[in-house]
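Here the chain labels run A, B, C, D and E in written order, and each chain numbers its own residues starting at 1.
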Amino acid sequence: MADLSALPGGQSPWQSAARFGLYTLLLIFAAYYILPLIVVLSTSLKDLDEIRNGTLLSLPTEINFDAWGYAWNEACIGVSCTGLKPYFWNSVAMTIPAVLISTLLGALTGYALTKFKFKGANLIFAMILFGCFIPFQVVLLPMAQSLGYLRIANTVPGLVLVHIVYGLPFTVLFFRNYYVNIPDDLIKAATIDGAGFFMIFWRIMLPLSPPIIVVTIIWQFTQIWNDFLFGASFTTGGGQPVTVALNNLVNTTTGVKRYNVDMAAALITAAPTLVVYVLAGRYFVRGLTAGSVKG
Amino acid sequence: MTQKSIPAPKPLSDWFRRNVAKLVVAPTFGLIIFFVYGFIAWTGYVSFTKSKMLPTYSFEGFYQYIRLWKMTPWNVAMENLLVFGSLFIVIAIVLGCLLAIALDQKVRAEGALRTVYLYPMAISFIITGTAWKWILNPGLGIQKLVQSWGWESFSFDWLINSEMAVYTLVIAAVWQSSGFVMALFLAALRGVDSEIIKAAYLDGASLSRIYLVIILPTLRPVFLSCFFILTHMAVKSFDLVVALTGGGPGYSTIMPANFMYEMTFRRNQIGLGAASAMMMLATVMAIVIPYLYSELREKKNG
Amino acid sequence: MASLSIQNVKKSYGAIEVLKGIDLDLEDGEFLVLLGPSGCGKSTLLNMIAGLDTITDGEILIDQNVVNDVHPKDRDIAMVFQSYALYPNMSVARNIGFGLEMRKVTKEEREKRVEEAARMLQIDHLSDRKPAQLSGGQRQRVAMGRALVRDPEIFLFDEPLSNLDAKLRVEMRTEIKKLHQRLGTTMVYVTHDQIEAMTLASRIAILRAGEVQQFASPQEVYEKPANMYVAGFVGSPPMNFVPAAVVSEDGKLGVSIERTANGNRSSVFLALPDDRQDIGDWVGRDVVLGIRPETLTHRSDAEISLNKGLQAFDCQVEVLEPTGADTLTYIELGGREVIARVNPYNTTAPGETMAFMVDMGKASLFDPKTELRI
Amino acid sequence: EPTAEVLHYWTSGSEAKAVKALKEDFEANGGKWVDAPVAGGGGDAQAAVLRSRVLSGNPPAAVQIKGLSIQEWAEADALGDLTKLGEEEGWDNVLPPLLQDIVKHDGKYVAVPVNIHRVDWIWANPESLAKVGGEPPRTWEEFNVLADKLQAAGITPLAHGGQPWQDGTVFETVVLGMGGAEFFNKAFVEKDPATLKSDTMKKVFDQMRKMRGYVDADFSGRDWNLATSMVMRGEAAMQIMGDWAKGEFLAAGKVPGKDFLCVPTPSKGGYILNSDSFAMFNVTSDDDKAGQQLLARLILGEKFQETFNLYKGSIPARMGVSTEKFDECAVKSMVDLQSASESGALVGSMAHEIAAAGAVRGAILDVVTEHFNSDMTSDVAVERLAEAVELAE
Amino acid sequence: MASLSIQNVKKSYGAIEVLKGIDLDLEDGEFLVLLGPSGCGKSTLLNMIAGLDTITDGEILIDQNVVNDVHPKDRDIAMVFQSYALYPNMSVARNIGFGLEMRKVTKEEREKRVEEAARMLQIDHLSDRKPAQLSGGQRQRVAMGRALVRDPEIFLFDEPLSNLDAKLRVEMRTEIKKLHQRLGTTMVYVTHDQIEAMTLASRIAILRAGEVQQFASPQEVYEKPANMYVAGFVGSPPMNFVPAAVVSEDGKLGVSIERTANGNRSSVFLALPDDRQDIGDWVGRDVVLGIRPETLTHRSDAEISLNKGLQAFDCQVEVLEPTGADTLTYIELGGREVIARVNPYNTTAPGETMAFMVDMGKASLFDPKTELRI
């Protein structure tokens, strides 16, 4: 948008005051957003005595990474004291295929629904979209039964399937809204050039999709990585994702709470998604600009 | 130039070519039909039974629904959804929009600020819930901090006040989602035709006028998108309650999803849980179906 | 090269009939321009020829073969789109060669042909660029190259110049013209710009709301427009329409035009050339006289003496619009604003009276009711 | 190879140590242990997992469930039969009758108990009591007098965490103390509306209202162990909590009788019992079946009963285990259990799902916690209680 | 109405100098057209006049007042944008009245003036529609209405017609012309379409890469282009440039042009009119002869006898491009392709030889090195 301060007659004292107010506002909200992270981070760096005696908002007097090492390598989850490490890799193994498959299926479906419109395509899209709104608690029981019938209950493929299914409405939505804005002429040109459905998808549509692929992958990655409910319900023991392990570690029913370990574990669990957002956040906004939002 | 002959159509590959789009959509659609609509149907059926520990399948009519609406916790949950939902949606939209506008003023360090606003979206409430619990806890967090600065009478005890606790949910939920709303608005603001703004300057409108009267109204679709994204989050909010208040004090902050979960899994009342799930779905449908309808209408024309 | 035949082709979207039975026949090597306003169904027809849209009724034949059910890629056509539809992710060379690649042409062969096409269009130095790095004119050339390299039976163009600026448009128009002269391939070209149609076409089909108004050579369309719609659509500035009555004066057939000059009503008589005696039965009836601006100009006695059709009269000048080569002069005739194309050296200031002449040999007469040419 | 997948929610601290002991024992006897912990909310999350597993036709071999849930699962035909093993091992002779009722369905053993927790404890800080010259209370009147004194002295009388199950724990001790065992059972087991609406129940709620006054401002949502540490630090004088709280004191190096006191909540020799148990689900493979047998045998073995309960802070489920290694609180618990059982003052915990199953317990807790967190009158509370219990079934 | 003076105005974006010192002076009521190719800085200059962009160096004066630091809204100017920039959420009436609303004009007054402007532009029946419900031409009118209603000192237009189709463009052009004639307000109009510039301007400033090439009346720009760039930019088809040498033959000054007709080299001599004797010192040196297509046409002895400047020669025809009113005929002169504008009735088939005449009185001569007019 046009830059107000660049206008002639725009550099009045009023303007500088407004500018000051603007920055104040931005910083106050930055504090609001960053506060919980700071609390978690500083707690994870304190030792237990300091936590018992100080306030939560006080900064650690001495930086201490013991809790991190303990949470990663040693903390007991149930009877096995392996730390979060194995569970972390479980999550990786589950998230990557689920994200990739749901993104690919979403892209294909979005493409078919926009560029090869057939009768009822809109209705099908609407029906798929409605899936976004189904609360996951509702599907736990029938899903358990279905996974049992499919003989993939309590397995990683089972969990991957669940995440693909409930991620699809979002990925289809993203891709469809993006592809709607890609000119039909491109498809026509490629058709005349002799490319078929999959060739066009592979050679024309996918190379045009990086912005929306970034948005979709970030979204799906966050959703799936952070999922607790499905992970807890459809896996047990050593196959559990890291969020469930974190919960097991943090939610003590009896015993002494080691807050620094809890917080370190929480940060370890959150690290991948945090890193993704910090590194790719810019592409996220750019991708949203590129078409997943109307208007 | 040589004469090239035009090949005759081949029936099989032609059939495939004509139907390939449908074939590609079929797996996705099939999955959705089964795992969304099939499950809704299953839940719908179970809500008409007296299932307890495990689902049973003998039809019992509206028994569970009648029971459901007689239960105080359910009514509280629906009320909470209304209060929490409307506050959460309104505040997140207003705040997200405000931040987007502020960030759109060519500010320095925009990238860093944007990341700070956006990151809560990345973290599950299972994780940050604890932090918020501490921050909002009068004896540990902000209240204690401010009091230790010398303002002894300062009080911020919403978390433990059954009248106010629901608002702490709003604070934390807004914290998590408003950055996303900000990103949506920012994306849309970046797409506004700069000539329109120039025209408005020439027409003598001030910056605030330009935003209020000209830009924001053109962002109507973004408002709608945000509204529905936030609605879906509000209806689905579960983790938030579990992590922050555990539904308490009492059950003053329980949400329909928590109620459903509690009934189904803790109290072995699958039928009742299914009935509450159907009520949630009905609520969602009442909001979403008009949206989907208008969305597709618009797409067709534009 | 191929002939193209469109036989009673119809297209409906749901209840809306977009094309209402189109009949067109084209020989090998012809250049057909489909001309019409926005929304008249030009693109729809072109898409149907390409096979990108199904045909509701009727038949399309390429080289005497019905192609209604042939897949676009098997029709051996190439198409240039208004938006160019270049593949944004591919380099120029890749864009041009994509059609060959899909047809499994060997790499060497492909490269040879791409280079050839690129050189022909003078874009060989751009081979490695992406479309986003090209100017409008360059993109247009790439789009043409993509069509060219395939050496198809028929070229289709959908308003290929409308995204270019005025200057480039003229240049590219000439290039397309030359291309056609060189290749001799059958071409179908869609536009709503009549000047493009006139300069390029060997035959023009003028469409209006899904119906062909006239299908003829540019010259015929220009000089003998089938109806007032065509007459008004072709030519810029458009043909002047003046209400008139056919009269016979001193034994000569002609038209009489009412005028209101400075509050005084008067009439002008313009004699028709002798070869228009066919309209004898129209005497005493109202007609619409169609005069092209370039046939209405400042009086030149030298020319009048040479051309029998030229008729002179005086008139007050209202507005002047210089275009450089000519000055458009607005006068009032029969209650209508009428444009005359005058040499800049012969103009008068607005408000003054000037001597005009009109070439009645090139005038058209229309029936005011049916709007058809008489 | 006997295999057992064990689904439990003992995920850390003393509990995890206790489970670990079982695991090691199991493995030492040639079994293969598949650990399936699901922490959170006293089994909330586990409940969902178990449901999913059963519905998907793939239940774990042993699941930590308790009280009436065992009966409900047994009714749903989801549990296996351990009767033969029970006969071989003579469980009828070593298990207290109340526990036998819990783990038997239709006279068949379907689960094995691992421990006995006493719920009705007051954990007190002797220094704080000394400051006001108070003695541990023997009646609720004494409790109130003491609490008032403590409050006047600026000490929070009652350390409490505002979570429904903690509210329920306090509530049931008051019910037992004011109404006695018969009243307790009539209300919670028989769900008798008249009892639920009785004047005694109103008095109970009056007392709860008083208790609310004895709690500090920040109690809401607090975990119980945080409340325990308040007592340890002397910020609060007493906590009403089951004997798992002892683990916290011990872990902090406190000595029973010296640094902290354990006294039963005021009642006439009553005892509220909570017991964890492992239910054995229907499994198909022979390995799993063998694993279940082995596990059941080990759990009720004397050795395990001792180690496990030393870790956990509870007392053995089977009788006749040597008291030697147990601390004075545990010994007191054993003695009181014996006498309560004989006098008929022994009841199962409502808050911990021994006396009442999920739905009823939940409905009761709903009302209790709402009353505790609002200014609802006792009259309204009893009405609501009766109504909620009726609706729950 | 106001005068406008632009004095040595410069603009840089970072290190890039986009405008390199522009000087323009405009009287009250003039119609200035800024003409130039894409990217030459036209919009930048217009934005600076409007106050939408800061001035790096130099001064802009409106009515003798320096406005460099005056806020856009206080400059009393109105602007019509290329994209129209209508407020999408407001009705047509509200769009037009918004500027008045911001200036706190009373409601009655506002409504009166909006209605007046709408009627003037014939969009009064559309008052309640939203911009999205309007056609391109209607939107354009609304954008004009928005400017009009404010009755500003200066109107600015940034390519207001470039989004319209050919036909509408011509119509709207005439309307803007009439508007200017009626209001007499000073107007500044940006375009890259030379025909718009020619028809509308009272003065044209031709820009190229941030520099003014010529600032003069349309007639002067057309007839006496300051350099080859201007000559090539103005006029369609553009001026033909032919390499030639100035020679003196039979005591007459003229230019000699080399030709290669059918492999034979020969030369054509074209005498210059007597008033071009000023170029005597150029004899024997190379020049570029600039001939506008309309001054190069089929031979007409009648005209040659009247106009001394007309010189005749024969040439082979290469390509024909009929445009209806005229036929563009391509011939080869001095090794270049040259366009002649010929009456359709006087054309010959390609490949045949035809007699031409050229009006040397209207020819331009350029220095091949500096490209400046001689």
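Criterion: a residue touches a chain if its C-beta (ideal position, glycine included) is under 8 Å from a C-beta of that chain, and two chains touch if they have at least 3 such contacts.
According to UniProt, the chain labels map to these proteins: A = Sugar ABC transporter permease; B = ABC transporter permease; C, E = Sugar ABC transporter ATPase.
This one's a predicted model, so the numbers in the text were calculated from it and none came from an experiment.
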{"item": "Contact-graph distance - origin chain A, target chain C (Sugar ABC transporter ATPase)", "value": "1"}
{"item": "Chain pair, most C-beta pairs within the contact cut-off", "value": "A-B"}
{"item": "Chain centre separation (chain A, chain E (Sugar ABC transporter ATPase); CA means) in Å", "value": "56"}
{"item": "Gap in Å, rounded to a whole number, between the CA centres of chain B (ABC transporter permease) and chain A", "value": "15"}
{"item": "Whole-Å separation of chain centres (CA-atom averages), chain D against chain E (Sugar ABC transporter ATPase)", "value": "93"}
{"item": "Junction residues of chain B (ABC transporter permease) - those touching two or more other chains", "value": "17, 55, 140, 198, 201, 218, 220, 261, 264"}
{"item": "Interface hub residues of chain A, defined as touching at least two other chains", "value": "2, 7, 140-141, 143, 229, 247, 250"}
{"item": "Residue list for chain D, restricted to those that touch at least two other chains", "value": "41, 48, 51, 55"}
{"item": "Footprint of chain A on chain B (ABC transporter permease) - complex, ascending", "value": "17, 20-22, 24-25, 27-29, 31-40, 42-43, 46, 55, 95, 98-99, 102-107, 111, 113-124, 126-128, 130-132, 134-135, 140-142, 144-145, 148, 175, 179, 183-184, 186-192, 194, 197-198, 201, 207, 215, 218-222, 225, 231-232, 235-236, 238-239, 257, 260-261, 264, 270, 277, 280-281, 284, 288-289, 292-293, 295-296, 298-300"}
{"item": "Residues of chain C (Sugar ABC transporter ATPase) defined as touching chain A within the complex", "value": "47, 50, 52, 72-73, 77-79, 81-83, 85-90, 98-99, 102-103, 146, 150"}
{"item": "Chain D partner contacts - residues on chain A that touch it in the complex", "value": "52, 76-80, 140-141, 143-145, 147-149, 153-154, 229, 232-234, 236-238, 244, 247-257"}
{"item": "Contacting residues of chain C (Sugar ABC transporter ATPase) [partner chain E (Sugar ABC transporter ATPase), same complex]", "value": "37-38, 162, 165-167, 170, 174, 177-178, 181, 192-195, 198-199, 218-219, 222, 233-237, 292-294, 302-303, 306, 319, 321-326, 328, 341, 344"}
{"item": "Of chain D, residues touching chain A in the complex", "value": "5, 7-16, 19-20, 23, 33-42, 45, 48-49, 51-53, 55-58, 60, 223, 225-226, 229, 244, 247-248, 251-252, 312-313"}
